[in-house]
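Please find the structures below.
Shared chain: subunit A. Partners: subunit B in the first complex, subunit C in the second.
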Partner chain A sequence: MAKHLRVFRHSPEHRKKGTMRRRLPEWFVLLLPAFIIMAAVVLIPLVFSLYSSFTPYKLTRPSTLWRWIGTANYEKILTDVKFWAAFGRTILFLTIALNLELLFGLLIALMVNKVTLGQRTIRTILMFPMMFSPILVGFQFKFIFNDNIGLANNALQALGISDAAMPWLVDGKLAMFSIIFAEVWMSTSVFAVLILAGLFAIPRDPLEAAKVDGCTAWQTFRHITLPFLMPFIFIAMTIRSLDVARAYDIVQIMTGGGPAGRTELIWTLMSRTGYVDARMGLANAMGYVSILLSIAFTVYFFKKLSAARSELGFGDKI
Partner chain B sequence: MTEVTLNRVVKRYGKHEAVHGVDLKIHDGEFLVLVGPSGCGKSTTLRMIAGLEDISDGEISIGNRIVNELPPRERNISMVFQNYALYPHMTVCENLGFTLRIAKQPEAEIEKAVKKAAGILGLDGLLERKPSELSGGERQRVAMGRAIVRRPDVFLFDEPLSNLDAKLRTQMRVEIKKLHHRVGNTIIYVTHDQVEAMTLADRIVLMRDGHIVQVGTPMELFNNPVNTFSATFIGSPPMNLIDGVVTDVGTIILRNSLTVPIPAVARKQVVSGQQVQFGFRADNLMPIGHAVEEPGELANLELPVSLTEPLGTETLLFAELAGQEVQAKMLNPRPVQPGETIAFHLVLNKCHVFDAGNGKALRD
Partner chain C sequence: MNRNQTHRSRRWILKSLHLLGLFLIMAVICIPGLWIVLNSFRPTVEIMAKPPVWTPTFTLDHYRAMFGGAGEGGVPVFQYFRNSLIVSVASTVIAILIGMGGGYAFARYRFRFKNGYFVGLMLFRAVPGVALSLPLFIVFALVGLIDTHIGLILVYVAMNVPFTIWLTDGFFRQIPKEFHEAAEIDGCTRWQAFWKVEFPVARSGVAAAAIFAFLTSWNEFALASQLTRSVGSKTMPVGLLDFTAEFTINWGGMCALAVLMILPALILTFLVQKHLIAGLTFGGVKG
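Our next item is the complex of A and B:
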């Protein structure tokens, strides 16, 4: 196609008519619609938010958008104890939730892989938690962990394990636990499904060779199955780390970042700063700092993924 | 002494029976080849010996242990797979030593065993490579090395050469045979390629549809096939089979009223009027003047040749006999034009007669 057009442009006939008007290169013209859309939905908001992070922009006073204050917002964030507490809490939340999800997901996948009858049905059922809106999951667990009428306390009391009403969503540590519990409940299946796909992809021969070579079931898993699963685990980790790092809905519904800010994560803090306090400039600055976290995790897991793949001889880079 | 004994071994998948009561005794140090077309149950039988498939019925013993209930790791066997089954995340060295490392042998011991196996198979320069950096033949050698390192009682080979190209296959075939001479273990080898079976085996077990058809040395199977299946499966090109009827004057009358005398070995086994298949190999139908002169009864035939396949030292001729296509061999070949009629000698005492109904060989 491109070649054809070029031939046409330089043909003598064309030149004779004197229409040697410069035309945009056709690759550019063809890509232009995509460029325009990308600019409208990604680039402009990105530049705008970056710019506004250098202003004291308040939603309630639009004129503040035009006052340049340099890096004042960033300086403020760097010394803001509340922000760094939320930042640290987000990393903690991420680490605990991801590891638990990996562990449970792996166990579930290994068990489902052993099932021969009705495996498809089980796989479908596995996906159910992913079908709910996180907001609804938040409401559900808010009810379950309610200290007066919640299922959790009800069960504990009925089973005689505890008489007291556990303050699930009121106590700082318990609230964090409750949120992680909800998060794990909702997203373990992501790991389970991806790891199950990994299990399906393992060739049968090396597993059989390992059995013949003298491996017990555990040794086969440790030395053969797990290395084969690592790429899948890291893909799941990458996807989920981005997901969990922007955790907002479940937390907002269950605790609203409370009590007294003890379950405040980056995104709940950011939305509070931006929409409740209307300090959009500061909130955007927070956003740019926290993006570093996501980038760091993504780079880390992609490196691991690359390493795991080249271990298996699947090429070095993705 | 490591004998492997199969006693009425059956494999069922649900209601479908894949292997029907196989009886087999494999001697110590023997190179036994299970051969047959795909789906004949040869691989299943091997996998039952390895412990990778449950045994539905019957008994398998290795040495003097019945191994029916033992997991593969306790059977002290090694297996080489068609797809090599190397561990892709380990180097050649780690692949070779894996079985000993799992058995918690001391490092020095492992290193020694790996070096020795690498030496035997010419893998010295490749020890630090990953399987993905090896060629097909090298991978297969690593797989064999891994099998040696374990020092098993029995080696099991599951179509190990099927994924290699023709030239490499011939080369690896020789290496496997040398390996057997060197280590002297019992080897059970599965293949669908009759050439591999003929060249490698001390004894061949020919299987079809989950049954053993014939057991014997390669030459026994070649010279005395028990039925038409064996006759056409073993040997290349396959044996020519011509339909005919036994007459009461000691001949077989073929379709176009051509008659041939009944070979001596079959004379007592046939009755007049019996429908038979008359069989002979291409090696025994040769143009006069281009044949190995053999003593014994010869029949003269003049046949039109429709096609030739020159192979260098010999040429395969496709000729028409009694309305059926037969293959003949021409030694010291001369150019032959399609359609040319050539005079052939048929070596009668090397011919076979099979019952047309059940395909069984009719022989004293």
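Our next item is the complex of A and C:
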């Protein structure tokens, strides 16, 4: 207790009150550069885009920026079947991709954790896809899934599994499969690496106690390993949810939203509306929907992360 | 005896399944990347051959064309590489400095609306690049930052600051306050105490944040593709598009540029691999 008090008396915010009353608080000075840059690069453009989403702004006719049309843009996209299709497809895409990434990541981590020989090498290889640029992943799988010269079709034909060329990126359903494959390939390693780190940090005692008490492997996993891994899983989820929109790069390159809009996600639809049709006002309205989507994902996983953290007692002990 | 045998054979089956699974996983992870590397060394005729040629011939044509500068269909790779390097390194250094200050403030000081500020910063990071690129393009055009290094550096700093704050905050929080107090009693200034005592302890977190910042800037496409126009500022991810024409793609050349793009990221990541995992987990879980 006495130790505690001493710490408090010497803590910076306490001392500051006496000697530098008139200066800005230190925490504010330290955070100021961050606030300035975020305001300049993110906040101001966002305010501008919020305003322009209430105008019929077109890049080709700058004067349209000053015509206020109220919520017409939002009404337009909310009644647009195409937009809702893209929105639903985005949710579906994210749900499938994130679940598969978590599942594969967990599986890979558990398998690699059992390896005794060459584990370091395997771990290094695991991190390989993390270094790839999303656009590079897009090109890579566009190449591999090319129906004429791609590795996938060539291998299938050489092995005699399929005679005809599979239209990987031309058929709607196969194209969706291909972009999910690319997305999962790129992001599973984040999960695998972080969950593996969690497995290394598991305390041995409860595991051994469970063994002595005769738990089956499944029971041990379900009731000891998995709860301990939860914070690590949520960190991976939070990191992922910060840039779910990275999928834009992949989809833009691989299919461009095609064939016939079958892989159109909210992001590709927005960029086409903004840059190809030059209807900035409408595109910014879509942008706000996509921002809300990203924020919803981030907030959700952040909450889960702090809940899991305090459950394990990491939250305030350290 | 019999029971023993079934037990042993079951273990054998499990073990071989485990190995098979690992092998499959490694194959799926490695083959796409290796396929790109392999094809960067194959002549275009062979890449396009139908039926496929399975025994590769070796050629350096694509690299020669790539480094030969702007010849026929040549892409100014050196320029792109330089742009990418300038933008990524500058934005990483600035983001780390700004982010470390912020992380330290969150870890060491108590002030009102602290959680609100923190969550707000993270939410700014979550704004999708495509959605931001539309208004940013117009704002940058107004102030003349389109097609400049500085514009891109500013954007990447803003992208990387929140994440850096998150990671370094977790690390600084673990360092007991007694550390810098002891240093100050021994005659260090607050600043010296930070650099000599607290910074070394938080090094893994800073290294992890730096790697993440560098990779984000090095690989970013959605914003760069709108904010750069000419050879003077295009980065490599945008440069990849130079290999696509209306209906054809120069696969070999693209693969060669891809290899050039991955190499620095690969080398850098392997150098600080250990810090990367430690930094992510400690900064996030215990922070």
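Basically, the second predicted complex is superposed on the first by the 262 of 318 C-alpha atoms of A that agree within 3 Å, B and C clash if a C-alpha of one lies under 4 Å from a C-alpha of the other, contacts with A are read in each partner's own complex, and residues count from 1 in each chain.
Going forward, a residue touches a chain if its C-beta (ideal position, glycine included) is under 8 Å from a C-beta of that chain, and two chains touch if they have at least 3 such contacts.
Note that the structure is predicted; figures quoted are calculated from it, not measured.
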{"item": "Which superposed partner A:K211 touches (first subunit B, second subunit C, both, neither)", "value": "first"}
{"item": "First (subunit B), second (subunit C), both or neither touched by A:S49", "value": "second"}
{"item": "Broader residue contact with subunit A after superposition on the shared chain, subunit B or subunit C", "value": "C"}
{"item": "First, second, both or neither for A:Q119, with subunit B first and subunit C second", "value": "neither"}
{"item": "Which of subunit B and subunit C A:T95 touches, first, second, both or neither", "value": "neither"}
{"item": "Which superposed partner A:I224 touches (first subunit B, second subunit C, both, neither)", "value": "first"}
{"item": "Partner chain in contact with A:E311 - subunit B first, subunit C second, else both or neither", "value": "first"}
{"item": "Overlapping contact positions on subunit A, where the subunit C interface meets the subunit B interface", "value": "314"}
{"item": "Subunit B-facing residues of subunit A, complex", "value": "203, 205-206, 208-216, 219, 223-224, 227-228, 311-314"}
{"item": "Residue numbers on subunit A that touch subunit C, as the complex places them", "value": "7, 10-13, 25-28, 30-31, 33-34, 37-38, 40-46, 48-49, 52, 107-108, 111-112, 114-115, 122, 124-136, 139-144, 148-149, 151, 154, 157-158, 185, 189, 193-194, 197-198, 201, 231-232, 235, 238-239, 241-246, 248-249, 267, 270-271, 274-275, 280, 283-284, 286-288, 290-291, 294-295, 297-299, 302, 305, 309, 314, 318"}
{"item": "Residue numbers on subunit B that touch subunit A, as the complex places them", "value": "50-52, 71-73, 77-79, 81-89, 98-99, 102-103, 130-133, 146, 150, 156"}
{"item": "Residues of subunit C that touch subunit A when the two form their complex", "value": "18, 21-22, 25-26, 28-33, 35-36, 39, 47-52, 54, 97-99, 101-102, 104-106, 108-111, 117, 119, 121-136, 138-139, 154-155, 157-158, 161-163, 165, 173-174, 177-178, 181, 190, 215, 218-222, 226, 237, 240, 249, 251, 254-255, 258, 261-262, 265-266, 269-270, 273, 276-278, 280-281, 284-286"}
